[in-house]
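Structures are listed in the sections that come next.
Okay, so subunit A shows up in both of these, paired with subunit B first and subunit C after.
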Partner chain A sequence: MLFGLTLGAISKAFGTTRVLDRVSLTVEPGEFVSLVGPSGCGKSTLLRIIAGLERQDDGTVSIGSRVVDALSPRQRNIAMVFQNYALYPHMSAFENIALPLSVGRLSLPERLPLLKYLSPRRARIMREIANEVEAVAGQLKIEALLARKPGQLSGGQRQRVALARAMVRQPSLFLMDEPLSNLDAQLRVHMRDELTDLHARLGATFVYVTHDQIEAMTMSSRVAMLDQGRLAQFGTPIELYDRPATLAVATFIGSPAINVLAAHSDARGAVAIAGRASGLHVHALPDQALSLCVRPEHLRLARPGETPQLLARLRRNEHYGAERLLHFDLAGDSARSVIVRLAHDENAALGGASETAIGLAFEPQHAHLFNAEGLRVEALGHGTSYRTAAQ
Partner chain B sequence: MTIASASAPFPPAAKRQGFRLSGEALGTLFAVPALLLITALILAPLVCLLALSLTDYEIGAVSIRWLGLGNFEKALSDPVFRRSIGNTLLYVALVLPGGVFLGLLVAVLVHGRKRSRGFYEVAYFLPVTSTLIAMAAVWQFLLHPKLGPINSALKSLGFAERAFISEPELLIPTLAAIGLWNLIGFNMVLFLAGLAAIPRDLYDAAEIDGAGGPVNRFLTVTWPQLAPTTMFVAVTTSITSFKVFDTVAVLTRGRDGSEVLLYAIYLEGFQYFKMGYSAALTVIFLVFMLVFSVFQAFQLDRRVHY
Partner chain C sequence: MNRLLPPSHRLPGFILAHAALLAGACFMLLPFVWMLLTAIRAPDEILTGGLNPIPRSFHAVENFSGALAQAPLLNFMLNGAIVCAGILVVQLIVAIPAAYALAKLRFRARGLLFALVIAGLCVPIQVPALPLYLALAEFNLLDSYFAMMLPFFLSVFAIFLFRQTFKTFPDEIIHAARVDGVGEFEILWRIVVPSAFPAIAAFSIFSIVAHWNDLYWPMIVIQRLEYAPPPLGMLFFTSSESGASYGVLMAGATIITAPLVIVFLIARRRFVQGITMTGIK
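So, the complex of A and B:
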């Protein structure tokens, strides 16, 4: 049974600190949605509210068509995977995975030492539970580890046991709180793959919290970015990348980070960077301080004869094999640096002299403008009267 | 070039003079100070005690006679000493489970408080800081058959008054109750430290798994997570209760069949000056402690660490 999730204007404050401010979003059944944002943006709190571990001050949580605000985590039929796995250390992997089932199907005395042997139906129920545990363990390839305790398992194995414990109850919603952040880099890439596969196989609805924008970009069908307790943008990974709604989204998504330049619009709305024309116009916002952002791959060395939009000095040249990152200090403002990303075979006539300023250029349609509040501003490109895009 | 200049600050190994110790010899050398201290402070006195326990040494006596196991035979056939063993075991049997479970109960209750937590911590810990000898006077008054408020309370509830510190069957339970009063605060603090170390994630997981009710939560998370603490509390509590002395010395002086091991040792050694016999009793006391500690350490330790 597939369920979606609807959050209606969720607000939450701890004391006087407002951690969530009217967050609304709808997750379609079977979707993989990531909640991303820098530490302290409220994403984990939001997940705990969806789980029912925390109560929101205002707003409603619905799973499917049912409002679940008054229900306990168990009644919401959600499963959660924690950053530190949260396995019960005194129980074997089998017992850990079986716990959600045995708590639901056996009475308290049937789970106590000695007393449990008095129940005639216990053996039959335990057999059923064992079958289900083994089926799930088979899916995650951890059958051989079931007898071990968490202390005898590696990080990746523990994560699988935690996943199995989440899956065994066939929940309507999977919640994951940075499940990969305790794994080493190589294993993280591998588990990313496995989680994506698992999502495809189960077809269940996933809500995934991460501060790692690469995880969010690569795994999710849609990404919700939270910034200071507000929903900054909710869309497909490529929407967030290509049309960031706020400066915070622009700087958070993408690696290396987007280049942020201080710009200014004159009385007629022409946008200039350090006095040089950028080729962008904002007629509605004359005489304003703006942030102009260009992704490293959209920045290039100016061609001979072309008027560059930036002048900069080369500081460092990093070769990654497939690509190259050139780090520049802006002329006249050495505190600001920009990164230019070039493909391996792209020729850069750097001339070798790092003392002379080099001209950098970008196509106006690739630039993003944000006003002083960090909100996206639509600009008109120079010459052509194209709009960056329509919503 | 670079290799030569890099190694220049270090003198070549071959030029080092003086004798060299093998790793093993060096290790022994480092262990010697600790070994000497342990020998001087623990092992030598223990050997002296064992030697004394085989003699009839008395303080001020001119001659000393070898008795072999005579002291032990005498002790184990002495009905008073046998009663003191029985009393001590009864005392431990009451205080050990009571001290562990009441300490745990109080800790769990206090842990759940928010603003009043500080008050309860101090209140339960006060008996630990008070001197039991001094507080025994208060208990004597509280338990007084005629004047004590406990008996007036019993009377007002329709019960007969009891002489808590002279009726033989009430003696050890009364002493155990005072011992518990003295001990619970300390155990509570240990359990509170254990409770604070339980990761919150585990409680969250228990709630998601449907084990969020108080009983399930306690059985799934709290109790197993506190196992190492419980083990430590059980060992310290049993040692403390085996050493019960001050309440007996002040409240009953061993009257009416309230002898305990330590009080018997004290009487023989420091009232009757029979050091040899007293040493034999001490050896018996040590054997009890040893058996108890070894059993707890090996049996429980295997099951409480994950």
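So, the complex of A and C:
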């Protein structure tokens, strides 16, 4: 049975600190949704509220069409995978995976030492449980590890045991709290792959918390970004990348980070960067301080004869093989630097001299404008509506 | 072996420190050595033999069989075992859930309750001794195992120690267990307690040693020989039966001390762990 998840205006405060502020979102059945944001943005708290481990101050959580606010974590029929795996330290991998089943199917006396041997049906139930544990272990290729204790397993193996423990109950909803952040870089890339496959195979609904925007971008069908307890944007990874709703989303998503430039609109709404025309207009916002953002791959060296929008000095030239990153310091504002991303075969006439300022340019429809509150401002560039250019 | 040797420039300090420790150890062990020596000497030699460590005639068999025959030593030890076991079991059953609640559950007045536990640590047994005695007398419970155990059922020290240990247990694992549907009591006994085994073992050793050796409280509530735990039994035995036969007395003391020494030798590592863990001796 597939269930979606609906959050209705969830709010939570710890003491006087507001952690979540009216967060609403709907996860469709079978979807893989990531909750991202910088640490302290409230994403883990939100996940614990969905799980029922924490109570919200206000708002409702529904799984499927059922409001689950009054239900215990167990009754919500969810499974959770934790950052530090949270395996029961003195139980073997097998016992760890079997525990959710034995708790559900055996009565309390049947789980007690000594007393348990009195039950005639216990042996049969334990055999069933063993079969299911082995089936799940087979799916995750950990059959050989079942007898080991968590202390004898590597990080990747522990993560698989934790996944198996989550899967064995066939829950309607998987909650994952930064499950890959304790793995080394190589293993993380590999597990990312495996989790995506697992999601496709199980067809279950996944809610995945991460502070790693790459994980969010590569794995999820939709991404919800939280910023200071508020839902900043909820959409597909490409929507967040191409049309960030706030300055926080723009700077958080993408690596290397988006270039943020201080800009100003004049009385007629023409936007300028350090006095140079940017080619963008905001008629509704005359005479305002704005942030103008351009992704590194949208910034390029100005062509001969073209009027550049920025003047900058080259500080560093990083070659990654497939691409190059050119780090520039803006002329007249050495505190601010920008990155230009070039494909490997793109020729850059840098002139070799780092003392001379080089002109940089971008297409106005690739720029994002944000007002002083960090909210997106629609701009017009070269007479073309930004909206049509972006979509 | 090489690892144990310090760099040569620190050698004098090393020797000095160990000499001091060795002297301290000798000083502490001396009464026990003297007890053992007295237990194997002939009666006439005990007072006249001076400081000569080697007995001239060995009287060990007579002294030990005398001690076993004259005093119900095995009975004293059985009493001690019953009292120690009873106290320890109830202490653990009470202190472990209390400590878990203080460490991991969120409820109102938790801070206040914990402050009361700390305050309880500061109250010595002598303070409530009189009211406890009066209450036990009122209910005709004097001269019983129960009377010897009652004041110690609730150990604030155990609550404090276990709370500190449980606090270090990862919340994530408790959360995982709640999601898996494990009840709070089962989380405690099946998941948290096994991880706290070193602390529980350390406390058990403290508790057993303290109550095996306790003389003060049994002396107040026990009049009859058949309930006497080892130290009180020895006291009765000295005053009534043995008179001046110190050899027999020391043989009895040796027999009574032996179980604790054996427990200590077996659980030495846990004992040291316990002291370093609690910072309390």
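Methods note: the second predicted complex is superposed on the first by the 382 of 391 C-alpha atoms of A that agree within 3 Å, B and C clash if a C-alpha of one lies under 4 Å from a C-alpha of the other, contacts with A are read in each partner's own complex, and residues count from 1 in each chain.
Here is the rule we go by: a residue touches a chain if its C-beta (ideal position, glycine included) is under 8 Å from a C-beta of that chain, and two chains touch if they have at least 3 such contacts.
Since the structure is predicted, the reported quantities are computational estimates derived from the model, not experimental observations.
Partners subunit B and subunit C, brought together by superposition on subunit A, clash.
In the superposition on chain A, contact is made by A:L53 with both subunit B and subunit C. Applying the stated contact rule after C-alpha superposition, one finds that A:A185 touches neither subunit B nor subunit C. When the shared chain is aligned, subunit B and subunit C each come close enough to touch A:N84. In the superposition on chain A, contact is made by A:L99 with both subunit B and subunit C.
Of the two partner chains placed by superposition, A:A322 touches none, neither subunit B nor subunit C. Once the two complexes are laid over each other on the shared chain, residue contacts for A:A70 go to neither subunit B nor subunit C. Look at A:K149: by the touch rule set out above, it reaches subunit B but stays clear of subunit C. Residues common to the contacts of subunit A with subunit B and with subunit C across the two structures: 48, 51-53, 72-74, 78-80, 82-84, 86-90, 99-100, 103-104, 108, 111, 165.
Considering their complex, residues 170, 172-173, 175-182, 186, 191, 194-195 of subunit C touch subunit A.
On the subunit B side of its complex with subunit A, the touching residues are 199, 201-202, 204-205, 207-212, 215-216, 219-221, 224-225, 227, 306.
On the subunit A side of its complex with subunit B, the touching residues are 48, 51-53, 72-74, 78-80, 82-84, 86-90, 99-100, 103-104, 108, 111-112, 149-151, 165. The part of subunit A that touches subunit C in the complex is made up of residues 48, 51-53, 72-74, 78-80, 82-84, 86-90, 99-100, 103-104, 108, 111, 165, 169.
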